[in-house]
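Common to both upcoming complexes is chain A, partnered first by chain B, then by chain C.
So, the complex of A and B:
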């Protein structure tokens, strides 16, 4: 067992190499230091299924679907199961994404998720791709589409709002706003609904109004094209962070780009004329 | 959010003054709030969030995560029935039924006079004494349905 301790202090001792080289399913791959095994696998074109990972957010390690076996030369064949999205790439690491143990672990994860979400297409599909057509556990009598991947709450934290969170625990755990009422902090940006892998956060959005988490928002219309593109709360939130007046966000991105392009064109004309 | 009667705000400022006004104080503050009010009142949670500069969603998440916290008013005496494996095997079910019958409430509920709340817990680490019922702070080992009335009579106090 003591060979396993190697991993704990296998941080590179050589003077800060900028890249590390490792193999994934036999393919050599070089990634920058600080990359995860999952990043390395994606770079090498090796598919690892994930459910709670998103490039824009910090790795969280919640779903355990991305498990892989890792080993090294000198480990006498010892392997250990790690979550690839959280495990840092290291020089000389040998990653195996298709061992029996990896397949079995993913199967158990999906079997459990299918029990929780028996009617969710994404989970049904993933499970069936791993050879499970029906859960071996008792299927949830109150099916939900929420797989508790935490992407919605984490993206809401990431934008600096934190209007929603996980509530309760165990089988009662769910994502909800405080006191299960329209969240006072929500700015109606829809990031949570858009990032949700099972699209289970309902919302409505129209030219005049947007409703999410049972909170309604008035929309800001672009003065140029008339499109309702963000909520007033969003404009205020972004302005607060960026140090620009909220009115800066009145104009939609598309119109801003058009404006900028025409400004550049004019500039070029002026420059050209001066020559 | 403010459907309930306003609670004494003095206790809260007293609690808040004891801890640094930052996120790491959250659980301690919630524990003290729970002790002072016997539950976590919504309006107090809103003030805690503001005072510690923690998003309200985080406060609610923590408040609902721990079984030790209640978000609804509770009885003066909490009756905890252990339904862990050992206690379950030794008759926690009948004990619970008898308690529910005598107090005329279900597990998780509170009597109308706010005297008692029944809760179920999963193993209190006293399996050798199974089945265990904890009335207030008093542990009753090898509890029997026939003794439920007596246990409740001894209730309230903090004798140990």
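So, the complex of A and C:
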């Protein structure tokens, strides 16, 4: 079976990518097959709000903000409410991003998030843009900035570390390291903190030390510029994945680029190019 | 012994049947979870001892058998003496000697142990004459209570695997699907999706590796039909799954059983081992060359894992959270491979359909809902337990003919069907024929087959709040509308039952419900507002009374209800005095009693015990506390 899959895949990659044509709020848009409705909307310049989506990660469909109505000719006006980040673009699809159902869903989602995170600027702004200045529900007595979009845990998985995850369920769900202790697998890469749309994962970083999730990391200093640019755990993790020695990461990216540039400038330019 | 052909099956079956016929008497002791909890293991043991002591087992060929659940759990432990079919209820180990001496040795019936029909106060001798059983038609539960679930021979003597033999030796996979299509079988897990259509698309799906799964993660409060099937007749589930695997071309399968069902896991495991040894599961099934094997996957206690995509993730070893699906599981299911997932009861129906024919199954039921359906009948009804009836029976027949009416002959108020995602059906719809379409039209659903009967002392706002609480604890928390919405909905309902609702609450509740129905990721979240929406639809004045008048018309919300004794009716029986947990009642025997309002916690215990109905409830804000 695996052989057959491989051939199918290789055939796909060599053939010209197929495209599909659809309309979004009346605008025709052509995207390559496999794109999501959200990708298509962004390409067509139609704004769809999102909170849990990130180009680098697989779509997840948790925040429900990106809902749209989809229909087709011949469905007799029947519409299906879907999340655009996960619904695949199809030929002939008619996407409506401003129906009453879409507006109601977005309003309820933002109203609920504002109740959860009453003091979070990102949510306040987004809610205000949808006409909500105060939540209709009970505001969280212990305000949090975490919207549980799952970006931090998913990026951690994606890097291959999985040091943090969501724990518990329902309203008690939260992002945490195992047993709420300093996570042994964390490499201190800060991807979770960087991707967080509300910047609610605290960390400290200096020339000697970095602290995140209550775990402390020794920094690697670049021998050329002296900048502390990476944790030792990061260097070991990347070395293990990339098949290079950990010392490869001693020099920082900026100095590596500078080195490379100076090497190129010293090269002699051969007329007509080398064969 | 391996059964490697049709002929081998038939001779095995005939031998088992002859063995059964040779038993002159058979004592069936129900050992389902309900009866076990009532002490039926001790009863079975006592039968073994008493019969041996009397030498009866040898002399008259008497045999004691521990069976699965008979369904009439309310009256357990249940004992049936065959072949007469005498039903004894609430049997204690100390009754066993008498049963052996009188009934087994002399055929004499012991009236004391018979079931008394509450309708006409008459004792009923025979199993089949008890109203609870008389109106039932059992297909999925055909052998439960008749067979020893741990004995393959006994199951086969009752035609287990006959459908499998027909499917594998006479039919092609397409013909099997056709038979299920003719039967009109629809998923018994709740949604009622057409089973044959699911199988067809899985059969058509690309790939050599496919899965067949059984959903035994029955988590709805008050539902226990799947449990009884897995415990009492595990072979019916295995048989259905092997047939399904043959139809779709799968060779691997899983039974996902919720962790709270240990007896189901034990009995399924035993059944699987026996079936494997007999050549009915595993490699070269029935000598036909078809391979299919099964494993049990135990749940971890999350309600949401009954949802198909969460169930598959849980089997994969990942966190049991639902995934958004715009592709059917029959194309991309478990491990992203084509998968058929059916409910325990659906699988149990399949063997019978193949054995007796799709047309036979389709002859029962209504136009679009064929066959029979199992329900767990619970709540304020005289006979609670597990029932199976043809689709289309009315709620009135279920509640009054089978259920025996409302406890204490109080007025009927509503019946909640379909578990926490279902809805409440009011009295005006008592003559509603129960099938997939009619329940959905009434704003409820078939769901897991739970039926909770409610009387006039049930507050519908409180009922909705109960289900909201359950669901808010079980929401996985992945998507915003379900996680935050259920929490906020519960906050609003907590205020309502405390008399702290405000005008505009109902509109806010309705908007939130609509947002959750539209926006939630999985069916759990989408259907979570159903109990709210259906009670608002039929019992809106009750909500309004809570908000505008701070009263609970049913007298159940403690913050809104006070009790007092009507002096003219009180005969001083002193029962309320004994029932009160806070010593809030004073009075001497044969003299009028009094409730001390400052001590009363409005639990209603006095109201429930008063034989002269001399306790009345009234809105708390009208009372005067000294």
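Keep this in mind: the second predicted complex is superposed on the first by the 251 of 275 C-alpha atoms of A that agree within 3 Å, B and C clash if a C-alpha of one lies under 4 Å from a C-alpha of the other, contacts with A are read in each partner's own complex, and residues count from 1 in each chain.
We adopt the following convention: contacts are C-beta pairs under 8 Å (C-beta built on N, C-alpha and C of every residue); 3 or more make two chains touch, one makes a residue touch a chain.
Because the structure is a prediction, the values reported are computed rather than measured.
J.: For A:86, using the defined touch cut-off, is the partner it touches chain B, chain C, both, or neither? Pick first, second, both or neither.
T.: second
J.: Using the superposition on chain A described above, determine whether A:109 touches chain B (first), chain C (second), both, or neither.
T.: Touch partner of A:109: chain C, not chain B.
J.: What is the contact status of A:162 with respect to chain B (first) and chain C (second): first, second, both, or neither?
T.: Touch status of A:162: first partner only.
J.: Look at the residues of chain A and decide whether chain B or chain C touches more of them.
T.: Comparing touch counts on chain A for chain B and chain C gives C.
J.: Classify the contacts of A:185 with the two partner chains as first (chain B alone), second (chain C alone), both, or neither.
T.: It touches chain B, and chain C stays clear.
J.: Examine A:77 and indicate which partner it touches, taking first as chain B and second as chain C; both and neither are also allowed.
T.: neither
J.: For A:148, using the defined touch cut-off, is the partner it touches chain B, chain C, both, or neither? Pick first, second, both or neither.
T.: The second partner, chain C, only.
J.: Report for A:177: first if it touches chain B alone, second if chain C alone, otherwise both or neither.
T.: first
J.: Going by the contact rule set out at the top, does A:61 touch chain B (first), chain C (second), both, or neither?
T.: In the superposed model, A:61 contacts chain C only, not chain B.
J.: Across the two complexes, what residues of chain A are contacted by chain B and by chain C?
T.: 165-166, 168-169
J.: Which residues of chain C touch chain A in their complex?
T.: Residues of chain C touching chain A: 207-209, 302, 304, 319, 323-324, 326, 472-481, 483-488, 491-492, 508, 511-512, 514-516, 518-521.
J.: Which stretch or stretches of chain A touch chain C in the complex?
T.: 1, 61-64, 67, 81-83, 86-88, 101, 104-105, 107-109, 112-113, 115-116, 136-138, 147-148, 150, 165-166, 168-173
J.: In their shared complex, at which residues does chain B touch chain A?
T.: 1, 42, 45, 55-61, 64-65
J.: What part of chain A is in contact with chain B in the complex they form?
T.: Answer in residue numbers: 153, 156, 161-169, 177-179, 181, 183-185.
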